[in-house]
Each structure stands twice: as C-alpha cells, then as structure tokens.
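What follows is a group of structures, each given as structure tokens.
In the two complexes below, subunit A is the common chain; its partner is subunit B in one and subunit C in the other.
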Partner chain A sequence: MKTHLRAVLRSGKFIVGFTIFAAILLLVFIYPLFNPGNPLQMIGYNSFTKPGTYVSLYDSLDTRRVYTFRPPGAADVRIDAKLSPEDRESIMEWLLSYSEQEGLGLTERDIDIEYTEGLMALWWQYYDSEIRLDGMTIARRREFERLDLRLDGLFNLDDLHVMALDPETGEYDILFATVSDDDYVNVDDVANVIYLPLGTDGFGRDVLKQLVSAIGTSLWIGLIAGSIATAIGLTLGLISGYIGGIVDDIVMFFTNLITVIPGIVLLILISYSISQLERGPVTVAIVIGVTGWAWTTRSVRSQVMSLRNRDHVNLSKLSGHSIPKIIVRDILPYIASYVVMAFILQISIGILSEATLSMLGLGPSTTTTATLGLMLDWSIMKSTAHISGAWWAYYPVILAIALISFSLNLMNTGLDQVFNPQLRD
Partner chain B sequence: MSDTKQLCLSGKGVTKVFGHGKTKTVAVDNVDFEFYSGDLISIVGESGSGKTTLIKMLLGLTSVTDGEIHFMGQPRDIKTRHKKKEYWKGIQAIFQDPYSSYNIFSKIDTVLLDCIHMRGGRRLPKETKTEMMREACSFVNLKFDEMTNKYPFELSGGQMQRLMIARIFLLKPKILLADEPTSMIDACSRATILDFLLKLRDEVGMTIIFITHDMGLAYYVSDTVFIMEKGKIVEHGSANDVILNPKAPYTVQLLNDIPKIHDPWEFSRNRREVSDAG
Partner chain C sequence: MNAQSTIARITKNGYFKYFSKKTIWFLITLVAAVTLNFFLPRLMPSDPVAAIVGRLAPGMQDPEAIRRVYESFTQIFGLDKPLHEQFFIYIRNLFQGEFGLSFSRYPRPVIEILSNAIPWTVGLQLPAILVGWTLGNVLGALAAYIRRGFDKTLMPVMLFLGGVPAFGMAIILLTVFAISLGIFPVQGGYEQGIIPGWNMTFFTSIIRHYHMPFWSIVLISIGGQSLGMRSMSIYELNADYVKYSRYMGIKDRKIVGYVFRNAMLPQVTGLALSIGTMVGGALVAELIFSYPGLGSTLFRGISEGDYPLIAAAMLIITLMVLVTVFLLDIIYGLIDPRVKVSQYE
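What follows is the complex of A and B.
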C-alpha cells in the first residue's frame, strides 16, 4: 500500500490533475471570503456588461483630485487605446466587402490601415448600421455596431464641459467640471468602484462570483451523483459477481437494460417527470446517480469474478467466513483502487450530465442556485450571449467544466497507471 | 493393514463437467476412490489431469456434477452454510501458490486467529490465544514473536507455506488436502515442507491427501498412490506396488519423466523401451 501511495505521488499525470483540481477547490473556498454575498444578486440592470473595472463617472468628476498629465502624444495614445490593430483590420474587412457588394472598386491598396485619419474618413463615409452585407452573421454585424459606437468622437480634443441644471432658472449654466483630454483621475480616489473581472451576465449578475458558486454546487452534484452511482454499482457488482448464478442473471438483466437505453434519454425522462420547483441540485444529483451506475456494476462484476476463485478467497471460505465477510475482507480491498478510479470518473460524468440537463432546461430550478449548466442555460436564455459578443458569460463556464473534467480524468489515468502494472511506463 | 484402518473419505462415480454442448469438458470422469485414515495418499498426474478439480470437489468449493462423496462413512452433506462450516472443520487444504493463498491486506495474526475462532476459541483469553499461535508457529519452526504485525507477503515462499501448515496445526482437521504444496518453492524448502507434512500425520494423526506431478516425491512420502490421467484414475495401490511395478502405460511414462542426473543414457534407453512396449 505504501509503495502504491508513493507511486501515486510520483505519477506526473496524477499530480497535474490533482494540482488543477486543488486549485479549483481552493478558489471555491477562498473567493467567497473576499467577496461575500449572494452570487445571484443583480448588481446592475444592464445585461452583459463587459469585464473590467467600473468607476463611477460622477464620482470621478467629483473627486476634485484631477491630475493633469501631459504625456507626449497623449492623443495618439488615446486613439491607439480606442482603435486596436484588430479593429483596423476589421474596418478594412468591412470596407472591402462593402465595396465588393456595391461595386465601389476599393482595393487593399486604397486602404492604409496605418493612416488613422484616412481609414476613419472612409469608415465614416460608408458605414451605416442599417447596411446588411452578404454572408455576414448577426453576431459580426453587432460587433461592427459596437465598434462604430466606440469610435464615435475619436479625434475630438475639445474640452468637455459638464454643466448642472440651475433649479431657479431651469437652465444648464452652473459649470460642474471642465475636463480636457490631459486630465486623469487616480482610481483609488474615486469613491465608487466596482470590479467585474468577468463582467455581468444577461441578468446583470457578477459572472465571476456566480461562477465560483456554480463550481461549488456542480462539484457537490458530481460528488453526490458519483457517490450514489458508485455505491449502487459497487453493491450490485459485488453481489452479482461473487454470488453468480440466478442472482447474477437478474442483476445483469437490469444492468443490460439500462446500458442499452441511452443514458441521456433516461435522464431527460426522469428529470421531466419531476416538477421544476422540486428539482433542487440534490434531486438532480440523485437522478443522475440513479441512472449512471450500469457500467460500474459491469466492471466491478468482472473484477470480482476474476477474484472469487483465487486461493485466498478459497482459504477464507475454508476458514468458515460468511459471504458478507469474505466480500468485505477478501474482495473489496483488492478492487478498492479500481473503485476509487471509477468514483473519480463518476464525479466527472455527474458534472457533465448536470450541465447537459441544465442546458436543456431540466436542471435544478433556476433563480435559487447557480450551477455550471444553469450558467450556460442563462447565457442562451434572454438575449443570447454569443450574439451580444458577451464571451465572458459562457467561455469561463465552458473552461471551468473542461478543467474540472480534465483534472478528474487526468487523476483517473494517473491512478490507473499506478494500479494497473500493464499500463506503467 | 488396511483392515484395521477406518475409511475416512470415499467417492463413487464422481464426475465434474464444465460447460455444456460443444464446449463441454469432462474434468473428472467417473472416479471411484477410497481414502483410509492415517494414510498419506498421493494423487499423481500431469497438468490438466483433473487433480485440482477433484480436490476442489472434495473440499466442497466446486459442485459435483455426478456421483457421491462419503465423509467418515456418512454421505457428505454441505447444503447449508452451517453444515459446510462443520465439514470444513474436518477437512482443510494447503494450496499450490503460497503467494496467492493469503489475503495481502490481512496480517499474519489474523490468519492464525481465524483458525482459533473456527475451532470455537473466540471467547478464549488473549494470552491463551497468543500461546496457541506461538505453539503452532514453533511446530513449523517459525518464531511467532517476529511475525506479529507482519503481512504474509513479507515472508519468503517457504515460510508462507510453513505458516499454512501452522494454520492446519491450529485447525487440526481429520483430512488435509495438500495441492502441490511444494511446487512453487525452492528445493531446499521443499524437503522441510514435506517433513512438516509427515510430522502432522504422525503427531496429530491427520490423513493427508497429497497432490503432485512428481512421481519421485510421491514414492518418497506416500503410502497409497493414485495415478490420474485425463480425469480418470488409471492405477492405484500402495506406493511400492504402483511405482516399482507399474501396470498402466501412463504410469510408466510418468516414471520415465523423473529426471535422472547420473545416467542420461539410461534415461533415453528407458524411453525407447516404452515406445517398444507401446
């Protein structure tokens, strides 16, 4: 056992998988300490706010601690920040396809993407959000709309006058602030700052906070589903493998029955038959666990069948031990490592199944808890995140699911290599 | 001599068939045997001759397809778990491979304690149990105090097999089935194991059924020899009769397979004689 443990700790795959998994777990436990509160609280009314640091505009103007920098080429820096090389490429792409559609005769040589004024002149001359180019997706069109809005007033260097309404005359004449393009505010001086590393989702909720809570819930679902599936699979596998005969036939009949029905169909039918309100994360986990034990049963059974005629089992029989005692003492320890591996894989399957069910709207009831699957569901629910360009609402979720199942599978493979001498490299 | 001896295990028409239809294999074919108590009986045959299957049936680990087995003059009854346990108090076994005979997760103490418990010593004081285990270990020249809290796989093959004999010593069954107990261990330990088996018979009064493929060994240790070929007993009788005066061609062949160190020419000449005779 000790040598096995040492081998596990030397297995590169296991260590990588374990490190990723431990990091995810650590995030789940530590992040709420720094950012407490309800993860599903709507912090803003707008859907899909971009990731970043948000400072209150009012408070920034009101700090009275404005630093006037005069960095060389301040205007160029500002333009570069607003118009990235990718944006320039996009503009050229749009112009070329527009000219092709309208027969303007613009070629790549006519457009110099390094010459900002020329490029923007062309853009403002031709671009209109109403224009539909052939073969352009809605998502791409929305992207150009957003780009156009962002580029509005790109070359404007006039001072910005902020006026306030005079309550007596009813006119805007009290000068609140004058801001020139050289004025900067230190973020630390601004009273109201909101950090949204992953922006908000379609309901104006902090995605990162939601994601951390969702990973926690999904891991729980995986753990419960995995435990149930492994417990059922192990018990049935041990019984049918050890006792054999008619018991084996009956157990294998049901196992084969469940194996031939695609798991997803069974999951959908059972989930659908439970009402939306009663479907909490635990219920969903139980449903996943109850439908996912078949292959564990099969593999445990075959392992037990190869063990039950070994001499040490015969010796135990000759010592007058009862069947439960033989199973617990002479069979179970020999397949324990295998069961641990199956358990890890079942957790991963549980998490993926939950995500699948929730994407179909059959997951845990919405608005009370966040799970990884529900987050994906939400991102396609209201105004589709993909079309709004809100990658932050679903990419991190996909990445989290991928990382969790990757780390679990890696640990599984690592353990397999340690416990299965034929696979050792 | 056999008149005074009591019949302890006998079988009539014992048959074991694996599978059915085209895959049908007859492992043990209509075998009759009578084993008398106090004897050391050898069952000799090559691999696949059905020795181990016969042993498994005698132990009640495999079901008997056909035939009857009588134990101590009574038809054997092992239908319930309780009756099986009673049966196993009277008949025990040592297996071929000491390395796979032990549960690698149980300590040596557990192995021996199980035997004491089986003999109904569950309520004995701890000191008595320890004393019994110490006695059993010293019977096979093992030091019990060095082995407590050790696992069986930490011992050598010979030591493991001796521990197996210590186990039998504690259980004191009437019949011991030894399934090639010396084939997996080195030659030096082999003699020791055989000596302990003989000691078990002489001091405890056990009937020992010794399975082997080695005719020389069978001649050296046994009173009665049964020769098995392809599931059938082809010849049986006292060791002297069978080995010095073989009748079945298979027995002659087995005898010729004993390697003779000093006389390779004699060995090959014997071979030729067999083919001439056949």
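What follows is the complex of A and C.
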C-alpha cells in the first residue's frame, strides 16, 4: 500500500492533474472570502457588460483628491479614442465621393488620414447632414450623421462645469465640479469601484463570482452523483461477478436494460417528471447517479470474475468464510485501485451530465447558487450570448468544465499507470 | 480447472448453448425495453391533449365546445382507455409496423416524422464517427509507437480535447467559425426557404451546414479514441510475445502489425458501441445547431408530451443499441474462445 502511494506521488500525470484540481478547489474555497455575498445578486442593469473595472462617474467627480498630470500625447490618445482608424477611412470615403459628385477634384493624395487637424478641417468644411450622396444607403448616411455629432468639439480642451440643482430656485446654478483636461483621480480614492474581471451575464450578475460558486456546486453534484453511481455499480458488480449464475443473469439484465435506453433520454424523462420546485441540485445529482451506474457494474463484474478463481479466494472458500467476508477481504482489496479510478471518472461524468441536462433546460432550479450547466443554459440557450459576442459569459464556463475533467482524467491516467505496470512508459 | 481443459470441453454444443442463452436474454431485454418505452413517457406529468386543443382551437371561448374538442382528441389518441388497454393496442400496432399519429404535429403519422429525421442523424453521425475513429486510432497508435516528443505533446492535448464536453466543442466551433469568422451558417440543416429536393442548391446548402456539427463530433471522438488506442497499444507493445518476437529477430514492422491488430479489437467494440448509441450521444449537439435529426425531434417530442413520438424514437434507439450489443456478443463468441469459457466458470 505504502509503495503504491509513493508510486502515485511520483507519477507526473497524477501530480499535474491533482495540482490543477486542488487549485480549482482552492479557488472555490478562497474566492468567496474576498468577495462574499449572493453570487446570483443582480448588480448591473445592462445585459452582458464586458469585463473590466467600472468606476462610478458620480463618485469620481465628488472625489476630493484631484491630481494634475500632463503626460505627453494625452490629447492624441483622447482624439484617437473618439476617432478610430475606421472612422478616418470613412471620412476619406465620404470626402472622395462628395468631391466626385461636386467636381471638387480632391484625390486620395490630397487627404492625409494620419494628419488629424487637416482631415477634420476638410470634414468640417464640406460635411453637411443635408447632403445626399449618390448611391449611399440611408443606414450609411445615418452613420455619418452620428460620426459628425461624435466629432463635434474634438479639439476642444475647455473646462467642463458640472452644475447641481439648487432646491430653492429650481435652477442648475450650483457649481458641483469643474473638470479640466489634465485632472486625474486615483481609482483607490473613488468611493464606488466595481471590478468585473469576467463582466456580467445577461441578468447583470458578476460572472466570475457566479462561476466560482457554480464550480463548487457542480463539484458537489459530481461527487454525489459519482458516489451513488459507484456505490450501486460496485455492489451490483461484486454480487453479479462473484455469485454468478442466475443472480448474474438478472443483474446483467438490468444493466443491459439501462444501457439500451440511453442515459440522457432516461435523465430527460425523469427530470421532466420531477416538478421544477423539487428539482434542487441534490435531486439532480441523485437522478444522475441512479441512471449512470451501468458501466461501473460491467467493469467491476469482469474484474471480479477474473479474481474469483484465484487460489487465495478458493482457500478462503474452503475455510468456510461467508460470501460477504470473502468479497470484502479477498476480492475488494484487489479491485480497490480500479474502483477509485472508476469513481474519479464517475465524478467527471456526473459534472458533464449535469451540464448537459441544464443545457436542455432541465437543470436544478435554484435561487442561491448557479451550476456550470445553468450558466451555459442562461447565456447560450436562454439569451444567445454567443451570437451577441459576449464570450466572457460562456467561454470561462466551458474552460472550467474542460479543466475539471482534464484534471480528473490526468489523475486517472496517472493511477492507471501506477496500478497497471504494463501501461508504464 | 485450467483454461485449456475448459476450452477442450467446449464442443458444438457449447456454441449452441452460448448463442441460445444470448438470444434469450436479447429477447427478454427487448420486451422489457419496449414496455419501458411505452410506460416511461406516460409517467411524465403533462397533458398533451390540452396543449393540442390550445394550439388547434385558439381563441375558442365556449367552455362546452372546448370540452367537446378535448374529448374527441382524447378519443382519437385512445387516451380515454385504461393504461393497460392502451399498452395492448400499442403492442398490436407495433406488430403491424404502425406507430400511430403524432400528438404534437397532429395529424402527421409518427413514422413519417421519424423517417424524415433519421437520414439527417445517420448522415451526420455515421461519417463523423468513422472519421473521428480512424484519425483517433492512427494518432493513438503513432503516439504509442513513436513516444517521446510526439506522445508528450499529443497526449495532454488529447486528454484535454476528450475533456471538453460535446456541447462545449459545438459552442466553440459555432462562435469561432460561424459567428466571428462567418465562414459557416449558424444553424439548421439547410437554408431556410429552400425546398428540400434532389437539386444542386439544396445539396450545396446541406454541405455548408454540415461542417460545424460534423467537425465538433470528429474532434471529440478523436480525443477519446486516440487515448484508448494509445494505452491499448502500449499494453500490447509491453506484452511478452513482442519481446519474444524481438529476440527471435522478427522485423520491427511485422511486430508492429501484430501489435496494432491486437490493440484494435477493443477499439472495434468502441466503434460499434458509438454507432449504436449515436442518437443519444449527439442530442445536445443537434439542439445547439438546430440540426433536424432524431435527437432534436425526440427532445421536442418529450417537451411536448408526444407519447407516440417518444416511444417510437426510443424504440429505434433501443433497437440500435440492443442489436449492436447482441452482434458484438455473437462475434466475440465466435472469434475469442475466452469469452465463452467465462460462461462455464
């Protein structure tokens, strides 16, 4: 036993898999300490806000410490933020077609799109929202109108005055703040700052916070489902493999029956039968476990069948030991490593099954925590995040599922190589 | 008793005993599965007739009229009879190749809906499973044989690929190739507005829609198959007969041929099983791509409480798996004497 443990700890694959898995577990336990609260709290009023740091505009105006910075090129950066390279191309395109229509004789060489002042001078000289260009769609014309509005006051560096409402006069005549172009605030000084490393989902909920709690729940579901499936599979496999005969036939009949009706269809049917209210994460885990034991039974059975005529088992039989005693003392220790591997695989299958069920809209109903499958269901099936390009709402979830099963598979392969010397490199 | 004497005892009688036992259990399982296929959907708490009435008679106000429509539909579907009577009617109809009328798409017969869906599923899955299986086995065998760098990089990649769930792969391919790059259409089996028929436009449309679901299945099965093939090949390469052959001075290429032929055997089982279970396996992928196959038809049937459709679709799935397992048992009994020996121990 000791030598085996040492061999397991020397297996590179097992160590890597275990490290990834432990890191995921650690994240699940530690992250909520720094970011407590309900992971399903809706904090945003926009759906799918992109990842980033959100600073309260109101509070940053109200911040007492204002710093003055004059970094070189600040004005250019500001202009570039308003005037993208595509905008510059569009301006040139408009100018050229206008020139062609009016016979101004402008050519590409006259317009330098890198030289902002020159480009804007030409734009402001010729552009008018009333002008109709031949062959330009209405949508495109609207785009140019919006661009023109956006570029209004592009070079303007005057101070901005934020006025507050005077409750007595009812007029905006109290100066709340004056902001000049070189004023800066430190994010740490601003009262309200929201860090959203993975943005929000379609309901305005923090994706990272949700993801961490979902990983925890999904691991629980995997653990419960895996334990149930392994327990049933192990028991039936031991009985059927050791006793054989008619008992074996009957157990194999049920095993075949549950194999023949595909697990996912069975899962769907059972989940539909349980009303939405009673379908908590534990119920879903139990349903997954109760339908997923067939292959464990099969493989345990074949392992036991290869063991039951070994000398030590026969000796035990001759000594008059009872069947349960023989199974526990003479068979179980020999297949223990195998059962551990099957258990690890069952956990990963349980997590995947939950995700699949939830994607079909049959996941656990919960108001306190998400699961990995529910997150995918909410973002992909219910609000088409994949079409609107909100990658942060589902890619991290898929990655989490893949990483969990990757780490479990790695541990499994590592164990397999330790306990099956013939598979060693 | 040792294996040799046991094998020696097995005569033609032994084969007969093995096959007849397998056949009897095949039939018992089939009967039980058909029974479950009938009763399981009916355990769902849904009222399919109410849904049909709501759909076919919208805006009907008179409760008396609604009740009459409801009753007439209950009668058409035979839902007014007790459950066991319905079951005997179902069995009798099965023997006449009759699956009844669909509830959710009344009055279309179930057989017509399913025969429209099956070609999609088979046409998508069979080539995808075969391609994924072949590529996976070649990669796995190469990894086992070449080892070193190739194995060290391929193995973790394949483990990771095998860990990505089928729907995850479908979503990744969908977002990258269909939505971001716009190379392939987002969903469906063919462009909307095209009338299915034997013409070029329909054919190219099918091919364009075929890529995404096809490659998502192929990639997943490459991951799983290559890992299985790799460990089977390593197992065989470490076997005594390989060492012995090497001492005998047999050419390496010839040994490799033996090794991979032996390693293939469990892989063939895997192939047969994945062909047998293809409908259940690709259900989510079909749903994500809105592919008009058996999986999405079955799922829609379940969500609408369409008992005849569910029962018939499950029957097809059941038959596919059962026949595959049965054939595998029979073939193994023929080619591998050890399988039969285990029956006598």
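A few comments on the model shown:
Here is the rule we go by: the second predicted complex is superposed on the first by the 318 of 425 C-alpha atoms of A that agree within 3 Å, B and C clash if a C-alpha of one lies under 4 Å from a C-alpha of the other, contacts with A are read in each partner's own complex, and residues count from 1 in each chain.
Just so we're on the same page, a residue touches a chain if its C-beta (ideal position, glycine included) is under 8 Å from a C-beta of that chain, and two chains touch if they have at least 3 such contacts.
Since the model is a prediction, treat every value here as computed from it, not as a measurement.
Within the superposed three-chain model, A:Ile380 lies in touch with subunit C and out of touch with subunit B [touch as defined at top]. In the overlay built on the shared chain, the residue A:Ser275 is in contact with subunit C alone; subunit B does not reach it. Of the two partner chains placed around the shared chain by superposition, subunit C is the only one that A:Trp391 touches, whereas subunit B remains out of contact.
In the superposed model, A:Ile264 makes contact with subunit C only, not with subunit B. Of the two partner chains placed around the shared chain by superposition, neither subunit B nor subunit C is touched by A:Ser97.
When subunit B and subunit C are set side by side, the one touching more residues of subunit A is C.
By the touch criterion defined above, A:Ile401 lies against subunit C but remains apart from subunit B after alignment on the C-alpha atoms of chain A.
Subunit A makes touch with subunit C in their complex at residues 244, 249, 252-253, 256-257, 259-266, 268-269, 272-273, 275, 305, 308-309, 348, 352, 355-356, 359-360, 376, 380, 386-387, 389, 391, 394-395, 398, 401-406, 408-410, 413, 416, 420, 422-425. By the touch criterion given at the top, residues 59, 61, 81, 84-85, 88-89, 92-93, 95-97, 100-106, 114-115, 118 of subunit B touch subunit A in their complex. Contact residues on subunit C toward subunit A in their complex (touch as defined above): 25, 28-29, 32-33, 36-37, 40-41, 43-46, 147, 156, 159-160, 162-165, 167-168, 171-172, 174-175, 179-180, 186, 227, 231, 234-235, 238-239, 277, 279-281, 283-284, 287-288, 298-299, 302-303, 310, 314, 317-318, 321-322, 325, 342, 345. Every residue of subunit A that touches subunit B in the complex is listed here, in rising order: 310-312, 314-322, 329-330, 333-334.
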